[in-house]
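Both complexes shown next keep subunit A, but they swap its partner, so subunit B is in the first and subunit C is in the second.
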Partner chain A sequence: MDWDQFDLNPKTIAALKKADIKSVREVLNLSGADLQRLMKLSSADIQCLLRTVSHMLRRNSMLTALQLYQDKDHFTSQHQKLSLGCSVLDNLLKGGIPLVGITELAGESSAGKTQISLQLCLCVQYPYKYGGLESGAVYICTEDVFPSKRLQQLIEQQHKLRADVPAEIIHKIRFGNSIFVERAADLDSFQQCLSRRLSLLLARGMARLVVIDSLAALFRCDFGPAQAALRARYLQSFGAQLHSLSTRFSTPIMCINQVSDAVSESEAAQCSCRVEGSRVTPALGITWSNQLLMRLMVSRASLPGHSPGAASHCAGSVRTLRVVFAPHLPPSFCYYTVQLEGVKGIK
Partner chain B sequence: MRRAARRVRARAGRGRGQAVRGGAGGRGRQRSPLAGRVRGVSEACPERVRGVSEACPRRVRSVSAACPGRSAPCPGPVRPGGGAAMQREVGTLPLAPALRARLAAAGFQTAQELLDTGPCGLSKEIGISREEALEALQVVRQECQGDAARTAGGSGATRKCTALELLEEEQTQGFIITFCSALDNILGGGVQLTKITEICGAPGVGKTQLCMQLAVDVQIPECFGGVAGEAVFIDTEGSFMVDRVVEIAAACVQHCHLIAEAQQEEDHGKALETFSLENILSHIYYFRCRDYTELLAQVYLLPEFLAEHSKVRLVVIDGIAFPFRHDFEDLSLRTRLLNGLAQQLIILANDHKAAVVLTNQMTTRIGQSQATLVPALGESWGHAATVRLIFHWDNSQRLATLYKSPSQKESTIAYHITSHGFRDVQPPAVTHSTEGTQLNPRKRPRTEEEKQQ
Partner chain C sequence: MASGRWWTLCLQTWRTLPKSVPCLTSLDQLLDSGLYTGEVTELMGAPGTGKTQVCLGIAASVSLGLKQHVLFLDSTGGFTASRLCQMLQAQTEDEEEQLEALQRIQVVRVFNIYELLSALQELRDRLSQQVVSSMGPLKMVLLDSVSAVISPLLGGRQSEGLALMMQLSKELKTLAREFSLAVVVTNQVTRDSSTGLLKPALGRSWSFVPSTRVLLESKEASWDKASTRRAASLAKSPRQPTGIQVELDIGNGDVLEPSLVTPTQGL
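Our next item is the complex of A and B:
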């Protein structure tokens, strides 16, 4: 740490170097009395040091809510979201997936989670005007092989799904080129992938979406009930790393999660899934839920009260996409089907 | 009044002789006869006591009437300016610890003695350079001036007041309302200023919603029952969505407009001119902290920020648990940092008359037969907040429990989160206003809103 660049008294700088304090974090971790003893300076000097160091770390960091509201820049604006490629689904999410934060998509098997994430991997490559982010996607598989045949189908049918986009723009995008598939079958390889390859790809701007399919698979085998604390530590560490990547590069992170049965009524209530007749809660518990910005749930069973006419004119069964919690969305749901060209919502 | 102590000390450079350290009589130390070496002798004083004051005819420095070794009673204590500030003990002055140790070893006891000795004498007596002595004396002088100003002004940490004064102050202090009257009732009026309130709950239960609601409600003008302040929002999780704040603020402005229409008072109209959506948004100061180091740095800078923006009445830290729950191998470091943070926030809340609101996560505690949800960050963090609210679910109903409060009893109420923000489950008993009835300035007859909900 080059202390000379700070706006400090030379006496303080000399004392810092002599006490072998190497980083701003060390300065802030030590208490005032410890700093006085280590550096042999008076408390006024130490206060001055703390203030200067804090200023350096936090200069230009204040924004008013009005500035946030009026920010229209593609990279930083909160209004910019990643569209799902279907106007009905986008309306449910008030624009799409937020750019900063971890979004979870939980549901039973074959409910359509992989379909939605494949669709997102294609949507992210469109220009900003059409709800994309003009960049690629990273798809991390932990259990199944990557469904490349389905991806090819979707690519061929993009013009049918995205009727709002002019055909020449669709033709220009090389969809297959910008989807980076990683395989991480266990915790160590996942950790490697996170810390090395992912940050590299994001730093180079080659990807602006990360899909993890699925996180629960990493924890199912290795951790018994007795190792809950160790599992929690891993989850917190992964969550923090993903969060920091998402914040630094303004990249949405979509985590696919499995569900397990809710053993008791209270457990179902805790995870805020209170659908009649549905007794499943997302896996990985409250430790993982604390890391999330937004949680979506998909299911095959349609909610009671839906009009029987809706199912009749759609090929394939009707599924439900529900917002469980989000800071900007009310709990709501909508129906969708999975068709050849992709996932489409039903009004 | 302290009895003068005769300091007996070996002269520097002449080796240690019979160096006997004298102390004040109250400490019970033996006072040695003057036969030993005496420091800082003044020729004018027959008793050869150190340091002289010009005003005292006997030229004895800051002595009491009971000064030993004097043949005639001293005309009285001489305090040449500064008063009590000058009598401050050397150990309490903000000097470097090594310097303080040397001064104590040399026998200096009060600030006055230091100032009287002067830089040359000081540097000779304790063996430091002249520049260091000059610096130290400057610090001492500033400190004493500051002390004098403080005791004269009667404010600051050393202010004394009676419980009656505190009671009167508390009763006139405002509360920040939450728009959920049930919650306001169990809190005793709303979120209290000068106190730390902690909100704990599972994800998705409404903690961030309440924080956003409070950031808008703190700006309600006084004629509508608010505190007319500004808000600081420190976000560690990235869950501050400005679109949602716009919705909440728009609903709040509309509510106030309807009250003004119903009550038709002049100051309402004037206040509403400045209470607009843009104004509300521009007075919420947003800071994004990405890890605990940035959070610590931000809290160090808050007192300065609040001094510049004196209208701030609310500081929200949304997600105090998030940056502290990973990356800490050494939990004792985490406890120490959290305690330091809590201390700073308490001082901040008190000095600037602001409410501090923190949100915390829940964690599972595995008990003997079952697992319960408890607030995160451990038991010692539980002492940091004055008021603790726990939000939880009961089937589909959101409940808020007042878990810890010094003045209100523990109770649970139900609340609702609508598109307008944080609200009651059922509207309070509707009283249609006639000309004669006195309306609560915060409530208006709920007619249209019921239909909407």
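Our next item is the complex of A and C:
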């Protein structure tokens, strides 16, 4: 160990060499009194030595914004996102779902939320080069049965959806094997799932996407308006656990949420989706919204001014995906349809 | 003589008075010429009202206009360098200046209270040792958001939540005071169960920590065009009457020419 590289008194450096202390580990393993005895220095000098050595070891966790901006190749950089499998949708989200933080997908029933999340579960298994994370997904169902037939359909049609990926890579991936389905019908089983099984799967690297479908269902029956404080506590605790899992394992969390009608003026001002004259706002209120990083909303009705003729070549009705709030995206929207091979955006 | 002593006391207090750091011009009007050093300012708002955007705008304008270093503590994962770069591009065309401005902003990702406290400790170490590094003269610390690190601790079975919150507040205030920094934190809002109005999160104990509080709200948007206009109102201030409102545009960071205010020195 070259002690000259440290910013130390030459007397200390000479004493280190004489006492035959070869590494930083030895310095830190010995107690202050032992070091004093071995090196025959005063306690102030020893303190100075210990401080200098620890400074060298301490990792500098600060990065400049310039380094973050230019850091495009490093695979843990912020530029990496989980792609949705369609270039139009990826363009809307500037790459896809961010890897750290909770993303919410809200919308009324049959708007396509489950379709998008199934597509995400397949996209996460592709290699990094094609926008995936080379790992599996965990799908937590709280009310409906997991749509396994639809998943099989999607798996068979992957080569059609992902025309950009070479066929041999698609054949090599065993899609069905890496999707872990959990069922949590009430709060206690959900809590168990979060604290035990999910952290185990994520720690082993077997999954790098968590989809929760849906959180509002857990709170629908048990909580009346009088138990708002208890519900808020549960939501905060779930949000904190999900957030800490997401940051520890760099795993995107996708929560599917339902919508309810906005009844008061203040709620109506906050919501941003109007469906056929009535306004809808995502369920679970402001307590849950505070836990989110990004909120997306899907709806079935197309926006006014959209000519139906343009979409006539697509089978199925046109739906809208809009960004309600995100720190890195302006509020915007795009159209998509749900086809046999999956969700595809319309330019 | 008694008046002589009083004059000296005045002089000493004058020298340690907080100086203001002007940032976004319309926000400056709200805050009485800018963010004050030596104090903690809080920005609160519902999700999606633009707290992170305002913080990024403040960081961009302080780094570019005043050429001071800024530390950004990110606890939500919402800091994106590309958005910051967009805001800088809206202010200046010169690429060289943009890169320099990006270099003056340091980012630390802290996702729980212990990481945050250790980052603040590291900051204190560096500042007190006056280590000459790329750190430079630090003027501002932005913490986005404080409720994301504190709320998981409160109300649970552990009783240390409140103690940790108070320790954090003491750390922020002493940093602001000792090293003349302007500290900005963002907070969330919750709904008051009895009145249904929005109130800042983290409760009454936290409300004593910031000396100035600004509430951000979004204006009513039309159906197909989401607006980037926000309303900022002053909820608590030692200098201005509360209730003043200004409008902000978070589209490209509401920044006009920031004025360089020379801080008032002692007499």
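The rule is simple: the second predicted complex is superposed on the first by the 276 of 347 C-alpha atoms of A that agree within 3 Å, B and C clash if a C-alpha of one lies under 4 Å from a C-alpha of the other, contacts with A are read in each partner's own complex, and residues count from 1 in each chain.
One rule holds in what follows: contacts are C-beta pairs under 8 Å (C-beta built on N, C-alpha and C of every residue); 3 or more make two chains touch, one makes a residue touch a chain.
Owing to the predicted nature of the structure, the values given are computational and were not obtained by experimental measurement.
K.L.:
For A:57, select first, second, both or neither according to whether it touches subunit B, subunit C, the two together, or no partner.
P.N.:
first
K.L.:
Have a look at where A:228 lands relative to subunit B and subunit C in the superposition and call it first, second, both or neither.
P.N.:
Both: A:228 reaches subunit B and subunit C.
K.L.:
Quick one: is A:292 in contact with subunit B, with subunit C, with both, or with neither? Answer first, second, both or neither.
P.N.:
So A:292 meets both subunit B and subunit C here.
K.L.:
More subunit A residues touched by subunit B or by subunit C?
P.N.:
Touching more residues of subunit A than the other partner does is B.
K.L.:
Tell me which partner A:68 touches in the superposition: subunit B (first), subunit C (second), both or neither.
P.N.:
In the superposition, A:68 contacts both subunit B and subunit C.
K.L.:
Could you tell me if A:44 is touching subunit B, subunit C, both of them or neither one (first, second, both, neither)?
P.N.:
Touch partner of A:44: subunit B, not subunit C.
K.L.:
Per the contact definition in the header, classify A:247: touching subunit B only (first), subunit C only (second), both, or neither.
P.N.:
It touches subunit B and subunit C both.
K.L.:
Do subunit B and subunit C touch any of the same residues on subunit A, and if so, which?
P.N.:
58, 61-66, 68-69, 78-79, 94, 98, 100-101, 228, 233, 236-237, 240, 243-244, 247, 269-270, 272, 274, 285-287, 289-290, 292-293, 295, 324-325, 327-328, 330
K.L.:
Can you check the complex and tell me which residues of subunit B touch subunit A?
P.N.:
94-99, 139, 202-205, 208-209, 215, 233, 237-246, 278, 280-288, 290-291, 293-294, 296-298, 300-301, 304-305, 321-322, 325-327, 333, 336-337, 340, 361-364, 366, 373, 393-396, 417, 419
K.L.:
Could you list, by residue number, the parts of subunit C that touch subunit A in their complex?
P.N.:
For subunit C paired with subunit A, touching residues are 46-48, 52-53, 71-72, 76-85, 99, 102-109, 111-112, 119, 122, 134, 147-148, 151-152, 155-156, 188-191, 193, 196, 198, 201, 218, 220-221, 223-224, 226, 228, 251.
K.L.:
Which residues of subunit A touch subunit C once you look at their complex with the stated criterion?
P.N.:
Subunit A residues touching subunit C: 58, 61-66, 68-69, 78-79, 94, 98, 100-101, 228-229, 232-233, 236-237, 240, 243-244, 247, 266, 269-270, 272, 274, 285-287, 289-290, 292-293, 295, 303-305, 324-325, 327-328, 330-331.
K.L.:
Which stretch or stretches of subunit A touch subunit B in the complex?
P.N.:
So the residues of subunit A touching subunit B come out as 24-25, 28-29, 31, 36-37, 40-45, 50-51, 53-55, 57-58, 61-66, 68-69, 78-79, 94, 98, 100-101, 228, 233, 236-237, 239-240, 243-244, 246-247, 265, 269-272, 274, 285-287, 289-290, 292-293, 295, 324-325, 327-328, 330.
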